[in-house]
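We just call them A, B, C and D in the order they show up, numbering each chain from 1.
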């Protein structure tokens, strides 16, 4: 990778070319991902993070205290509640513009979490991780690179800890050490947008025991580093991107989920940010997931698109004035704003860490994510309700374009007189895309499992629910006096 | 169509060949649907209705009072509560065996509804519809044919009645009349399994006004009749059937939804079962939808498959003993049995119509369907929760089969040691199939809109909720005495 | 107690007098419960079980195979699915007529469960419990007595088994044995309607270990037996029965919950139906709770009253035509009928036990009860929504009757012009009664915990959900072949 | 009322004496409300707003820009987002301390809304309302008085506007005018804590038409003004305050709801803040309800008490380690924090009005309130689930204190060995108090209807959901281009 300063979405797309990545998709190695029609929509979505910074700099950039320059907000360390809230507002906006996962949050959340954690490791261990990380961030800011945060290991048998697995590679670990750095082996699953990134930061996925030091490794590698293989996961309806435009629903944008395999890939010392300090792994995971769970506010932006699509199909069908239709749109709005509100409440309730970086409220971050795991599904159900059955029985674009059958479809699939049949098809396909198709992956299932499955949030809520204080409140009002004897 | 007596699923599949239907799919006319890999799974599902009659005759057949012979239950007119309940038990069983929509219920429900309605038309108008229908049913029973019931018109602008549409063809109607019969024009949308059927019965889709007599037409046509064109609707992930086996999730079975266009197709007099009696259209629609809404009990059979798949992936992941996992399986079971219970309650509460045919309880039928529109979505969410994120990030079968990357995937996508990676992939793909993929169409969206959208059920519930009786109960207990003066 | 044949509600009330029970309420011993204004409404509710048998014998009576005479259905052993369903229909009717718990189901469910369990104990142990029970039932039928089933022990520390409690009396047990019978000690909590009964049947509340034989005692005692003390539990707003009529909401009817303390009360041998056969305790509890959980169908009758009251207040407020009002009434109906449908589905799916008595479907019985624990609360919320805030800010009947302030209230609390203010007050008080007041106890909290708390149903659902069969269905469709080796 | 400066809760209570109010309760005029055992708990709750200002001045006071002194936050006009958020934090704290409605929010929200609305009226009409209001606020701050905001009219027939009612007094209006001021007539229902206040501000309850100028009156009156009568509404279990201590559940604190009747009460000119400007009534109602709907964050404080009580009873029963118990506490916390988060998000998203006063985000305020109307009921259900059936079958305190039956109860109602029976009773009574009893009025029903019923929130959400913007987002992604022609 040649160093470059990326400004626009176009610059960014150009920057991804000719990297000679080892990428597999549908059983074959992909020559140039940028030009692959199934991959490209996910690159387009990422490019919007650059375009927005150009068009709405208040939303998507911030002055970096490190460089004194205006940098993309995804690369900025937030040092006030307002800045943490602004992350959410940017996320909602990008959700609105792309209708999918724009893939750049993991890196932002990883940098922000690592910033405070490395500071605290150094304070205890007299290590130099924090300074290294600051250098790295500064460099990323200068070039405006994208960072993918690689946390989730493949995990093998979930009932066993990393060191108890039959195959030690089920969790990423140091496989070899040299004076210059470490070599790592293992695999990270569900890696969002990683082949659209410039750098990866690997991080452990759970609290480690003191005898699992080889698993306690955090470090950065360029995406094109040797020893890394990428296998792109399938998404519902992904091959429609090969077909035409309408049936894809949202032809321009999509998410991306990849399995990354590290086969003795190398991390030099100056890019290592944790190395064996197992007692800090839980803290890192907790801070990262706190940031990341509240980042699901982006789904309120996608939700705005879904509400808009549902309102449009109701109009096209000629039923937009029915009270039950209006009421369902109100319910969708109510639910969608609940995601937004719980997210920004968590961000607004941020507090400073010793490093100066701000950390969002962890309890509310978990509440936000837990809401997302329920609300998006209910939104999808309501949108499908408003769409009508044609959502899943609509003939293909090819039929519509066919000289033979096309005119017949144009006649019979018409809704309201003044609405072209094609528009009705397009909006139905967008709803299909968001609730059953390619972007349902991000809007639904990934909303469920990303940043931790629902039960993970419940465990964190349990840890932070302060029952003792609440029990004292209740006992006082009930007139209960307890002996201390 | 040569007359034949169909016994087995194989007989049935053979019976569909060489019919020279005019069928479009993906912009092209299909030579022989039976051999088309995207269509065949839907035919396989229908074939199970024959196979079950062979294997479990108590469940899927009944003695016909017309022929004295044992006939397929889908062609039988139920004349007792027990027989109406048995329809539900057969439906659940077929849902379990196919994991999808087996497409034969519409015909059963149409015959049963028409049986009583034609009787009542004849009583009032001195027509001969009932006798004709009995002849038709007897013939169907002899040959063991499949009947598709074609009700839902394309409807155009929903805010306008059939006769007020700009284009009169938005609702199917008689376009020409002759001494021998009638010619019909229009289109029926969302037609389940129609090209897998032998006969179609067209029926009006809503209550008609007295000046809309041309729309009040009920009659039977062979599927291969002249003047009929079929356009097969797209389903999420439908083209995976062209790829391999694993990624399809359920490679053997699927549903089928088709748009049927009638361009002056002919119905001879002896196959006309209503012709202009507009005041009976509401009754027909209500009886048909009552039967059909309760037929959604089939989704509890599909739900059994989904519960089984969710339990299996939990086991494969090694987490099946966690209390929250077990609790989610309990919740799925609770919800799934609620569908079953409300359906068979409606069937058990059947009452005799003047014709002798039994009609299920309409209020409970609507309650059953309304539950289905909510429960299946919640089931899907819970199943995705249990599946884990790999559900939507899993690489393709082609990658898994690839010599180059396959062995790496086999290593890293392993769950519990004693479970082959391929099995884990297969069960994940089945859950994807049911919640995002091809059979999510039937399990979710079609569960929402089939037999009427949720609001349609609410309107029926409102009509039958007998507020006056309940208000009297309340007033009595409240000590309210009302003047009659 | 003089033996008598009770026919009417009046006979019944008379039969309760002069029994010299030891009953405590509000810190004082009650001279004659029948005449106590806080107790009487619960007796009135029970009396309706007699009145209904007079007015609607098809619903509330059956021909007894033991006596050949028509007996109250509450005393009948059901020997067909239809008879089990009829129990539910009677229960809904009585819920409609009383708007509360009419308290006679526990006895019916206990007799029906014991009938089959004693048969099976005898078959294994060559005991004579079944014959004794038949004699007892015959006697009860002749006199038309009410039986209270006393199951729930006070339990002490829930984390300990009966024999591990610090105080052995936390579970009822045999304290002394003689040639003539046994003496029992302990306490039964939440005893519905017991002082309105003629007889009590004590039963163990959970599965016992083989060394807990003294706790495995089932037997009958007259309510006025020596050694029994009753303490009546408080209910929300219970003292309003002392005040006037309107504020009580439902002045005529209420439930009753009592703590019974047995201090060496005696059961003669001929009234003992289990005595130490610990391995049958689980079976007894399961069968009793199966019957009893499905008996909560009564709440759909109470729900009818609540729907009626909600519709009435909407009318009185002049808002009954608003679409959101109508929609909430539809939702209430949908939910209420779901209770009914799941209950009768369980009853309809009954099967014969070796004794000839029918047992309802246990899985669906648990599904029914689980629905009740959620639906009644949602119904209450919707009813309060329709009622408006006046529900909880309404001045007292005394204010309304006051010469000074009454006329002002009459003016200002008027809703629609043609509705007397008093009627508006009355219907609001009825809704308060059912959702916050005295009958909220039965409609809500007791619906939650009676016949086992929600978790108890989940445990039973888990036991009966047959995951293995469902997993086989899923694996087959997913194409998974498992080695048997 | 002698002018006084109130500091402590005790000062406050003293300040309420000897006001010779005309108050009715249970059919009788109350001599001195302060000493009435049914009224006093509501005064105690209000007193906590003073006590908190003493103990936690950061939370409950602010420096007034008018007086330069530290004043109670309830009397402060918020001029920054942070101050609006601090209102919510104070509200949660007071909910925690009292477990009920502390009744002072209406006044705070009314002052804050009027501050900006009077400014805008003056700007348009060249009136002097704003200056008058500032004088009034300054005076209130000096004396630290409590203001009750009286908005909700009794409304008569809801389907008719104020001027269309048969009786013109169904909405409060000017009955007479003089040079010195106006006389008002009508009645305000559901008036929270009004007889515990020093001043009342009357405001119209809905958007008025231009010919309804007499109804467009806003002004202040002392609570003891001539021509005002108060009738205290009944609350579930209110008379338990007359009995003892335990059965009340929360013996110290309660809410208060009153019907106020104005019979030509006088407002002098300098206390009139709107007088006929009908076109500003909608704005006033919207701003007030925006503030007030978000004020329901107080319920998260009451929710903390309920969670604490539920956790305590689980512990007392010995079941606190069961996974389903822990999970229900997690769910309660999740829901409770959703209320808090949506409220503070609305407050944080405040913006400045032309007057300089800040106004919370209206859309999110409505979302917050809508959540409250659902969440509190689900919390109550979960708390009752955790409490067990004894919640509604527990004998009275009098029985427990009785020499005869008390010791028996002490023995049999014991839970875990180391927990006194009385403590178990107390915590159960607190849960009853909050879910069925006196404080269920505030926690449930008043949460539903206060600041507008659920449908009122939905109407506001509909007004603010900006469908057009969302439709544009969707159309762009769907590739829909619309002609402007």
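Just so we're on the same page, a residue touches a chain if its C-beta (ideal position, glycine included) is under 8 Å from a C-beta of that chain, and two chains touch if they have at least 3 such contacts.
What you see is a predicted model; the values in this text were computed from it and never measured.
> Rotation angle for the CA superposition of chain C on chain D, to the nearest 5°?
My answer is 180 degrees for the C-alpha fit.
> Equivalent interface to A-D, which of B-C, C-D or A-B, with over half of contact pairs matching by residue number?
B-C
> Need the most distant chain from chain B, centre defined as the mean of C-alpha atoms.
Taking each chain's C-alpha mean as its centre, the farthest from chain B is D.
> Report the inter-centroid distance (CA atoms only) between chain A and chain B in whole Å.
Using C-alpha averages as centres, the distance is 38 Å.
> So, what's the distance in Å between the C-alpha centres of chain C and chain A?
That gives a centre separation of 52 Å.
> Taking each residue of chain D in turn, which ones touch at least two of the other chains?
Expected reply: 324, 327, 458.
> If you look only at chain A, which of its residues touch chain C in the complex?
Going through chain A, the ones touching chain C are 323-324, 327.
> Help me check something: in the complex, which residues belonging to chain C touch chain B?
It is residues 85, 96-99, 245-246, 249-253, 304-309, 311-312, 315, 326-327, 329-330, 333-334, 337-338, 340-342, 344-346, 348-349, 363-364, 366-368, 370-371, 423, 426-427, 429-430, 458, 461-462, 465, 467, 469-475, 477-480, 482 of chain C that touch chain B.
> With touch defined as at the start, can you tell me which chain B residues reach chain A in the complex?
Residue positions touching the partner: 24-29, 152, 154, 156-160, 166-167, 169-170, 187, 189-190, 229, 231-237, 239-240, 247, 257-259, 261, 317-319, 321-322, 324, 373-374, 377-378, 380-381, 384-385, 388-399, 401-402, 404-405, 408-409, 411-417, 432, 436-437, 440-441, 444-446, 448-450, 453-455, 458.
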